[in-house]
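Here chain A shows up in two complexes: once beside chain B, once beside chain C.
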Partner chain A sequence: MQDRMIARAKELLADGTVNRVMGWQKGEFTYDITPAVFHTAEELDRDFVCNDFAAANVSKYLVKESRKEGRILAFLKPCDSYSFAQLMKEHRVLRENVYIIGIPSWGKTDFEKIKARGLSGIKNIKDNGADYFVETVYGDEVTVPKYEVMLDRCKDCKSKKIVVYDELLEEPNGDVIENHRFDEVARLEAMTPDERFAFWRNELSRCIRCNACRNVCPACTCEKCVFDNRDSGVENKAAADSFEENMFHIIRAFHVAGRCTDCGECSRVCPQHIPLHLLNRKFIKDMNELYGDYQAGADPDTRPPMTDFRFDDCEPSVVYERGGAK
Partner chain B sequence: MQRIGVFVCWCGSNIAGTVDVKQVAEMLKNEPGVVFSTDYQYMCSESGQNLIKDAIREHGLTGVVVCSCSPRMHENTFRKAAASVGLNPYMVEIANIREQCSWIHKDMGVGTAKAVILGRAAVAKVHLNAPLTAGESPVTKRALVIGGGIAGIQTALDIAEAGFPVDIVEKSPTIGGKMAQLDKTFPTLDCAACILTPKMVEAAQQENINIYAYSEVDEVKGFVGNFSVKIRRKARFIKEDLCTGCGLCTEKCPMKKVPNEFNLGMDNRSAVYIPFAQAVPKVATIDANYCIKKKTGKCGLCSTVCGVGAIDYDQKDEILEEKYGAIVVATGFNPISVEKFDEFAYAQSPDVVTSLEYERLMNAAGPTNGTLLRPSDRQHPHTIVFVQCVGSRCDAKNEKGKQYCSKVCCMYTAKHAMLTREKYPDTDVYVFYIDVRTPGKNFDEFYRRAVEDYGVHYIKGMVGKVVPENGKLKVQASDLLANEQLHIDADMVVLAAAVEPDKSARPLATMLTASMDTNDFFTEAHPKLRPVESPTAGVFLSGMCQGPKDIPDTVSQASACAAKVIGLLAKDKLTGNPCVAHSNELLCNGCSSCEKVCPYGAITYSDKEFRMPDRTTAVRRVAEVNPAVCQGCGACTVACPSGAMDLYGFSNQQIMAEVDAICK
Partner chain C sequence: MQVEKKPFKPLIVAFCCNWCSYAGADLAGTNRLNYPADVKIIRVPCSCRVNPLFILRAFQRGADGVIICGCHPGDCHYTTGNYYARRRMTLLFSMLDYLGIEKGRTRVEWVSAAEGQKFAETMNSFVETICSLGENKRLEDLRCKTE
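Up next, the complex of A and B:
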């Protein structure tokens, strides 16, 4: 797939359709891959990579990139395309300046899960189809089944469909799929308020306020984040007390409510392994239950429930009535 | 630093009874910036206001906190007082220690503590207040009346007489409303049509009145003085300007089996119809649900017989957009559905009828041409049982009925009983009641005539069960005064069904952002002192949509409502509200969240050039608020993810300061 992507990108560069390419760049190892912009065929040949570790959602980069001179080619995975469509809806990306090639994704790999098998000093990971063959500097050679180390978000994949594109790398387009992504939320809902509070205090206590979740989030594209704005009254770089670290994540979840496409980047990049996506999923689940099913980014036209008022909207009291476990 | 004065009102014993006002004044003295703090028996009185004015002058106050009743009551009073001595009126804040404190607490300690907290929050807010200046907006000198019943007609006539153009939007094909269906009217027994139809004609002829019958309100935008309304003129499939109302089409129409809603389905009409002889406008309407041509494409008889070529099967709904300065809601009422009251067997026997159906059965233009015949066998009934309060005055736990008194049933039942006895003296008439309520001019006299002169059997007690059996209706009831069970073999049972607001009222209220009570009656701005205005500026209430009313009450209210509308339309300019939203362009993402939630259409977007921090120039899409259109509801400020949108007078910082003061 990677070769076909490079070949097509070169064609589009050559015929002037685009003047640069948004993709992923090789790192020192198989697994340390970062999003990057490529300007020439040579750069593509040298550095462009798209493997199981190319998990980063590149849509957010297009907020800035689409405002630069000329058109950019972007390879979007299904979940990236949802983010892109949502950004289109919010007028944050200029669609006409992006040439989108939809690429399929069969699930990306969580390198942390490989490490968690007690492997350190990993120097190479070979893709053997269904398994990885992992080699370490200590001479260990281990075979790891791919599915076992897949990112949790990919195990709960909501859709293989690319919702916005100019062409698809592979026909036909995928489908929205049945998933169990709300099971974990339901488990939290079943807890008593005290248990739930304890759960979140425990999870969030690990937060080091590195801002990685916010910086990677494709819904967090504000010109100036409230947390960086002195006038907002919530500006602070590090949490001054344990309550503030809770507030940061809760405010962020509120800010992206109705706009979060559930791409799962927040949890993927969290160095402290806080399951931040569960906060967003709780909002999504609530909105589905209160206002009818809605998937942010599923299409560029529908109005998100939080910025839409209808005669049949549920009354606020319903929220109290349903509550959680009492 | 602000110099703040705190004024704690006793409101007689209203506040002072549950809140230690002296202690509140004393405690608030210690708040930062407070240089003066006092209490007084009636702060809204002349001398109370003078106290504030004097303090502003003497202590050079830059901000005022009045701890008193709801700002809806006296915020304006205190703002004016402050303005009269040169303080910007928007430097005055109210801490509501009456409705939100003394009235809901019983314990003095708890009440006082909360009053101090509310005062503290107001002080914290005043610190961040800035002087604001109100703008002005013009008034569109045209009124919209929604609903063409007697309420709407009367309001429209009065406004039109004063010289202002009025549009009436009526959803059915004719104006007239429920009153057109009534037979006689209490307490004078003049015929409803005789007094209503001249008014309908007058409305049609009044040059300032424009009637949009068979039309509905689709969308309302704007605000007091400047409403913009989309009116859907539903397709009648008849060209209104050509139709002469001759009625030939209705005679020739082969589809004659359509339940006639004007007679409550007790007879049939044709698919093309004029609801009744005196309809205004007198124009036929094709009922697309029954019209053979509309359903099968064949027929077209009406089009053949119409001498003026008024039939247009391809007519489409038409949307008009009009501007108004004031909107009157006169959406009226309906009797509740009595089918759910199984005990009265309404669904089982056609001889159990509602009072409105009885009204049609008595009416000369009704299905029986005014001869009282029972629906099942068209025989003259000899024993009639009237049941009052069907669905009215129900227990809160009774989900079938309403808790309120429908107000009109006692009187019309007395009327029905009296008229029945007068026309058919051989009829036995029983009225079962919980109480007979007849306040009103000449009302009790009227009821007593029914009992004393016409020999109607009034029995205190309720009917427990009605069972149709062998052509009779077996009525089981209790006589509470005689303490006995009664069994009556009746020929007819008439149910005085409760009234409820028309179903169109709720979506309309949402469009108008006008509030409603739990029964879907529109709420008035003040139950005693502003009974014909809705809390939403520029929206007025006329007739049953506000609460149960008889015709005399409705007409009085309709005229009162007109007076308020005329008062508004007579003004050339309205002083606006300076507490409007504004967007910080440097923070704006251009995401359109605010635009989507703005109920007034006050927000627009444009691409603007900006110098960016890195010294480049960027074109960004940013929001702009039109302050003349913004009503300061604040929906945009909470929708804005970056906090670019903020409200003058209620800034995010001010609200956070209040929250912080409360949570301290």
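Up next, the complex of A and C:
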């Protein structure tokens, strides 16, 4: 797939359709891959990579990139395309300045999960189709089945469909798929409030306020974020106590409610492994249940639930009656 | 040293819409209806002016309960503000519950300018609920506590 991507990118660069390419750049190892912009065919040959570790969502970069001179080519995975479509809806990206090639994705790999198998000093990971062949500097050679080390968000993938594109690398387009992404939320809802409180205290108290979740999130594209406000008292600093931890997460999740496409980037990048998707999915689940099914980014014409209302919406008191133990 | 245990006195913050509940509170006053002095009213231009952060901030600064009062659906001074507020507060309250914070601590009531009686009754019952829940422990900020 990578070779076909590079070949197509070179063609588009050569015929002047685009003047640069958004993709992923090789790092020192197979697994440390970063999003990058390429300008020439040589750069593409040398550094361009797209493998199972290229999990980063590039849509957010296009907010800035699409405002620069000339057109940019972007390779979007299904989940990235949802984010891009949502950004289009919010008028954050200039669609005409981006040439999109949709690429399929069968699920990306979580390097942390490979490491968690007790492997350290990994120097090479070879892709053998259904599994990886991992070599370490200590001479260990281990075979790891791919499915077992897949990113959690990919195991719960909501859709293989590319919602916005100029061309597809592979026909046919995928479909929205059955998934179990709300199971964990439902499990939490069924707990008692005390158990839930203990669960979230345990998770959120680990937050170091690195802001990675905000910085990576394609919905968090505000030019001035509330958490950058000097007068707020919570500007870019480690949370001082449990209140600030709760506040940061409630507010961030609330801000992206109805706009979060459930791309899973926040949970992927969190260095503390806080399951942030459980907060976002709670909002998505509630909105689906109370205001009708809605998937952010799926459809350019529908109104997001948070900027819409019905005369006969439920009253906030439903919260006292529904869901979970009292 | 002897530690005296003071009886629990709740602190309630009520965000009241200028066009209805705030006037409703006035009416309750001119009609000499009683409602507890623990309720601190903050006037807002519309119930939809209430940002989730306001509610969290109130808890941070020591509130034990937060109530939002606005015009009845359909009667908003700005036509649709309270419909948006209704959705937002529903989701926010649901999220607070999900985090294990007692659901009784937050409430929304629609009180019109003519409903002084309802205002007083609402506040009485809300204070009762908060008294039964006790002090806000789960969303407190110890640095903001005076005692």
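The working rule: the second predicted complex is superposed on the first by the 317 of 326 C-alpha atoms of A that agree within 3 Å, B and C clash if a C-alpha of one lies under 4 Å from a C-alpha of the other, contacts with A are read in each partner's own complex, and residues count from 1 in each chain.
Here is the rule we go by: contacts are C-beta pairs under 8 Å (C-beta built on N, C-alpha and C of every residue); 3 or more make two chains touch, one makes a residue touch a chain.
Keep in mind that this is a model prediction, so the values were computed, not measured.
Superposition of the two structures on chain A leads chain B and chain C into a clash. In the superposition on chain A, A:A41 contacts neither chain B nor chain C. When the two complexes are overlaid on their common chain A, residue A:R303 makes contact with chain B while staying clear of chain C. In the overlay built on the shared chain, the residue A:F311 is in contact with chain B and with chain C. Within the superposed three-chain model, A:V226 lies in touch with chain B and with chain C [touch as defined at top].
Shared-chain residue A:R92: touches chain B; no touch with chain C. Annotation for chain A, partner touching more residues between chain B and chain C: C. Looking at the shared chain after the overlay, A:R67 reaches chain B, while chain C stays out of its contact range. Of all the stretches 25-33, 97-105 or 133-141 given for chain C, the clashing one with respect to chain B is 25-33. Common to the chain B and chain C contact sets on chain A are residues 226, 306-309, 311. Here chain C touches chain A in the complex through residues 52-53, 56, 59-60, 73-74, 80, 83-84, 86-104, 107-108, 138-143, going by the rule given at the top.
Against chain B, in their complex, chain A makes its touches with residues 67, 90-92, 221-226, 229, 231-233, 255-256, 259, 303, 306-309, 311.
The part of chain A that touches chain C in the complex is made up of residues 188-189, 193-201, 226, 240-241, 243-244, 246-247, 250-251, 253-254, 257, 279, 282-283, 286-287, 290-291, 305-311, 313-320, 323-324. Those residues of chain B that touch chain A in the complex are listed here as 506-507, 510, 586-593, 596-597, 599, 605, 618, 620-621, 639, 641-644, 652-653, 656.
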